[in-house]
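Labels for the chains are A, B, C and D, by order of writing; each one numbers its residues from 1.
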Amino acid sequence: MLMNLFKFKGGVKPPTNKTQSLGKPIAQAPIPSRLVVPLHQSIGGTPRPVVQAGDKVLKGQLIGEADGWISAAVHAPTSGTVVEVAMHVQPHPSGLDALCVVIEPDGKDEWIPREPVNYKALTPEQVRERLQQAGVVGLGGAVFPTHGKLTASKTVPMEEMVINGAECEPFITCDDLLMRERAEEVVRGIGIFRDLLQPKRVLIGIEDNKPEAAAAMRAAVQAVGENFEVIPVPTLYPAGGAKQLIRVLTGKEVPAAKRSTDLGVQCFNVATAYTAWRAITHGEPVVSRLVTVTGNVHEPRNYEVLIGTPMDELLKLATPHPDTDGIIMGGPMMGFLVPQPDVPVVKATNCLIAHSDRLFPPKAPEMPCIRCGSCAQACPHELQPFEMYWFSRAKNFGKTQEYHIFDCIECGCCSFVCPSRIPLVQYFRFAKSEIWAREREKNAADQAKERFEFKQLREEREKAEKAEKLAKAAAAQAAKKAAEAAAAAAAGDTAATSPQAADAPAIDAEKAARQAAIQAAMERAKAQREAAQPKNTDNLTPDQQQAAAEIEARRAAARLAVPEAPANEKSE
Amino acid sequence: MSHYLFILVGAVLVNNVVLVKILGLCPFMGVSKKLETAYGMGAATTFVLTMATGASYIIDHYLLIPFGLEYLRTLSFIVTIAAIVQLTEMVIAKTSPTLQQTLGIYLPLITTNCAVLGVPLLNIANGHNFVESLLFGAGSAVGFSLVLILFAGIRERIEGADVPVHFRGAAIAMVTAGLMALAFMGFAGLDKYQ
Amino acid sequence: MFAPAPFLLKDTSVSQVMTQVCIALVPGIAAYAWLVGPAILVQLVIASLAALLAEAAMLRLRKKPLALFLSDGSAIVTAWLIALTFPPLAPWWLVATGTIFAIIVAKHLYGGLGQNPFNPAMVAFGVCIVSFPALMSQWPSVGLQLPLVDQVNVILGLAPRIDALSSATPLDALKTALKLDEGAFDVTHLLANQDIYGNFAGRGWEWVAVGYLLGGLWMWQRKLITWHVPVAFTGALVAVSGALWLYNPAHFASPLFHLLSGGAMLGAFFIATDPVSGCTTPRGKLIFGAGAGLLAYIIRVFGGYPDGVAFAVLLMNLCAPVIDLLTQPRIFGMKDAGKGGKA
Amino acid sequence: MDILLAIAIMALGAVVLGAALGYASIKFKVEGDPLVDKIEAILPQTQCGQCGYPGCKPYAEAIAKGEAEINLCPPGGMEGVQRLADLLGREVKPLDAEEKPKQVAIIDENTCIGCTLCIQACPVDAIIGAAKQLHVIIGPQCTGCELCLPPCPVECIHMEPIAENIDNWKWKYPVVELKAAPMREAA
């Protein structure tokens, strides 16, 4: 294949360690004793649980409903009973809890009725919605809801679609095996994306250390009769980063502040294409994924694993060595040690590496930076990590942003080459999350300011209204008196002067009108007084209303529980 | 021509007003924490100093000397400088309130910046003519701004350094200024080259 | 305990880097010891001891782990550079004072390794040449046959500093000669004196410079330094000296003379390339190197000191932070180079 | 005679310079104070009044005028002081109060009598409810200013620190490990 490849600057060549797990075909991991399915498995809104403890669920049944457009549904990975919907520790570096649906499998693995669809008969909107309903997210690790990436930019024509089969991280082989064994379905899935985005070219980038996968994909492309180009790219970490692969295949550079569609290019992982195909044409939502289990184990291998499988159960299949002291989720460059071994496999879990000091020797102590510039030469985004480190360390976050810290993709190349053993990426993550926290605080402050100013405005207005009301009342009082006096005078005069008598009804009418006006004013004032009572129940968002309703409900419950509570008094 | 060049180079580098003559240390230490402020201070001082040398030359030669009032030199120079500084402050207040706030007290204190008074007096002591005075003033001002900006650049970097606690802040700044002065000694003799 | 990614690391360390710098200095040192005199080896030991002592004392005072930082080799590199720039028969206390000043004031007051804005070795040189100009200008004439024991005695102050020791460097000698003779001799004539000026830039010294050049090229080949600073430094030096040489060959020495005399080669490859006190952006490095080369020439030819490399490097150290700020490279996804908020 | 001449010349100078300055003061007149906005942007907008000024804006104005210290804002914390110091080129001073973690107010549903006093006290309208009905605090909008605590007649409001969750979790500062301690990971 003759094609001009581009290069990205920087990059490193860590030992790949991929052969260990390539020896055997993909195996089906057995159904575990318990599945803990986190609801929040993609970027975007947290899905709302739609099952309760005790519910019977079937494989593929919806258990979490997408919340908003950028959010993806979550499904039961197998049939069984919902044990609880509760907080569990997440496979997340924080080690914090999040809402999970815990399912006890019944072992039958019984599917919901699956309806195969010919997607060509559907409109693009329908396809996107189906993908969302099926919980299809980017399986390369970023877990961005796929349907959200399938809309072309309105202004820029879609030129290239890049399919990421590079898999540059050491140890990980799940995409490699997927392409070897299920190439045809991957290619068909790519076809769906192609039909939605209508790019001029489809480029499948595969690192040149996976010739088998590339051959399989080429054969599949031929077999399906597509015109996708399978392109081997030089093995260089992080060639599998979306932006790097786009650069290598198309020469386009996507900056941090832009979407790739703005440049007429979009990138998908091969595994995403595969799940999209299964979801659309087989009606199977994403309930499992391929996971490489490797590292400090006897039998490294790739498994098809149900989402929610506890990691330690999965690791046992590969029989870890006794000195294993932790599990890395993801690759050795960007992964993290999971907080506890029984956290569940999620859609982002592409690899589990059994950690041991033998495999990953403990790091030498951190030395001060000597500004040698190795990191800047290794950085695929051409940043200057040593400067960002200098200011992150000093907590001078404004400066870190001047050095473009948000363009950092946290690939770890800088830490890899650092002679001072500085955990650079760690400093950048720290700085980024501090900046985000500040942003949140700033937003909260702006909102608070707005609300404060609104309240002040309202109070001003109420004060003005009150003053006006008082003035009106005083005026009314005076008018009334004047009217009474006038009436008395009129009554006295009626007898005396008959011509004026004709005026009397007029005066009476006038008086009546005035009184009516006063009455009305008083009514209004009363109404206003009532309105001025700090009620503050208007203009509530559904969330707030819901919160209030919940509190009311709890209150009702509390009242039931405590009958002697002064319920009557309140219920008036 | 080369005579003027030597005056200029001499004022900027060889006899740098801050690092060699040790004049104007107050703003040099005070407003060099941030590069941005240093740019502002440099610009303001350059303006004031150049204006002051010109104005003071005119005052000296056309008012004080003809009337034999040389003893009023210091007084009249200070008054002139104060007026120019006041003018500068108004302009800065109009154009950049943040700069005004960050320069803070140092902006009006340009009045008492010994470099600003020292340079006109040195002009007279050296018997410079008007063009020479202006060149010497501008050169000194550029020299002041140059070292102020470079110093601010270094201080911004030192900010993140693991300086021993007792040396943080002014102490390490003084050490740095000293080492800068050492570096500037390298220019010694350049203005005397034949 | 939390261990952050990446879990794989390249096999490299600060002490490895520093050791390689020391190895790269060896050809120059060998030539120095062979052609100029073995006393330099004694000076290297004195400077290293002083550096390690000062380093240890400061680390102890600052409550930092001694073994870790003493073994990083940075103090040794500083010490060696000091020893190599001082006159080889300078009294021991001068070398020790310079080294201790460099380690304490120029390095540790700023936080130690990696945080000093000025090159410590050049600070030592600057401080000593300003404070002890006479001692710092006494260079032994090359070819002087003085037994090593006597040389050591001179260094240790046990023997008198005889006149034969107090000649000048070829560079200084040329400058003085040109000044004194008021144009009676021209440069070519002066340089013909091979006893002082050797084949092209100073007897003995020219080969020491070639040794540094070899070491520097090796460092470049090992990717310890990039080409920018040495190329810009030598380029600027050649350009300015060449221009003036062409303009008046009777009054100005050739570029070759300037390249191989004084501290030009040591400066270009070992001192100006120090990443801590120098520039780090590619364009910044070019400006830094060119500036240092230019200033070195101006100071050594027109200024009041025998050589200008030390002051040139210190002056460029001053400018380095600002140069770096003004020469920020383009980042991935950005159209043009330059600073500016988010692209 | 000399002295008169001197006085005359100095007076002339004074008049000329005075005229120039007077003209400049009209020409470069500054309206308003844009600095206040910048200061206010740094303040946390809790409107809590702990600084002794009735809200964030008055405090910002006081700072801009140089009447107030920059270390009076406890919700802003040391970080806020630092940023104000940076903006204004003033010295950093230790906070004039104790720094507290961010909090939100919670109304005890069983004790609340629905008196609306807290609603009136809340500077940001973060409490909803009507007379004789239970009040609820809208968590995300509560600034933690504690102004609702004193008016409550039954003391049914208390402050709770905001819990850490996956969304607001922050990466920690990497520990600078200078001692040659073995770094072991526990699983």
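Note that a contact is a pair of C-beta atoms (placed from the backbone, for glycine too) under 8 Å apart; a residue touches a chain by one contact, two chains touch by 3 or more.
Heads up on the chains, UniProt names are B = Ion-translocating oxidoreductase complex subunit A.
Just so you know, these numbers come straight off a predicted model, no measurement behind them.
Visitor: Can you check which chain pair, B-D or B-C, has more C-beta pairs in contact?
Guide: Greater number of contacting C-beta pairs: B-C.
Visitor: Taking each chain's centre as the mean of its CA atoms, which one is farthest from the centre of chain C?
Guide: Greatest centre separation from chain C goes to chain A.
Visitor: List the centre-to-centre spacing of chain B and chain D in whole Å, with centres computed as mean CA coordinates.
Guide: Using C-alpha averages as centres, the distance is 37 Å.
Visitor: So, what's the distance in Å between the C-alpha centres of chain D and chain C?
Guide: Averaging C-alpha atoms per chain gives centres 52 Å apart.
Visitor: Chain B to chain C: how many Å between their CA centres?
Guide: 32
Visitor: With chain centres defined as C-alpha means, what is the inter-centre distance between chain A and chain B in Å?
Guide: Averaging C-alpha atoms per chain gives centres 56 Å apart.
Visitor: So which bits of chain B are touching at least two other chains?
Guide: Those would be 157, 162.
Visitor: Quick check: what residues of chain D touch more than one other chain, meaning two or more?
Guide: 172, 174, 178-180, 183-186
Visitor: Would you mind listing the residues of chain A that make contact with two or more other chains?
Guide: Those would be 93, 337, 355, 362-363, 365, 368, 393, 423, 426.
Visitor: Touching residues of chain D toward chain A in the complex: what are they?
Guide: Against chain A, chain D makes touches at 40-41, 43-47, 55-56, 109-110, 113-114, 116, 119-120, 122-134, 136, 138-141, 143, 164-166, 168-174, 176-187.
Visitor: Can you list the residues on chain A that touch chain D in the complex?
Guide: 40, 90, 92-94, 96-98, 324-327, 337, 340-341, 355, 357, 362-363, 365-366, 393, 395, 423, 426-427, 429-430, 432-434, 436-437, 440-442, 444-449, 451-452, 454-455, 533-537, 540, 544, 547-548, 551-552, 554-555, 558, 562, 565, 569-570, 572
Visitor: Which residues of chain C touch chain B in the complex?
Guide: Residues of chain C touching chain B: 61-62, 105-106, 108-112, 115, 117-118, 123, 126-127, 130, 295, 298-299, 302-305, 308, 310-312, 314-315, 317-322, 325.
Visitor: What part of chain B is in contact with chain D in the complex they form?
Guide: Listed in rising order, the residues are 31, 33-34, 37, 59, 63-64, 67-69, 72, 75-76, 79-80, 83, 86-87, 90-91, 93-94, 97-98, 101-104.
Visitor: Would you tell me which residues of chain D are touching chain B in their complex?
Guide: Listed in rising order, the residues of chain D that touch chain B are 2, 5-6, 9-10, 13-14, 17, 20-21, 24-25, 28-30, 33-35, 38, 64, 86-90.
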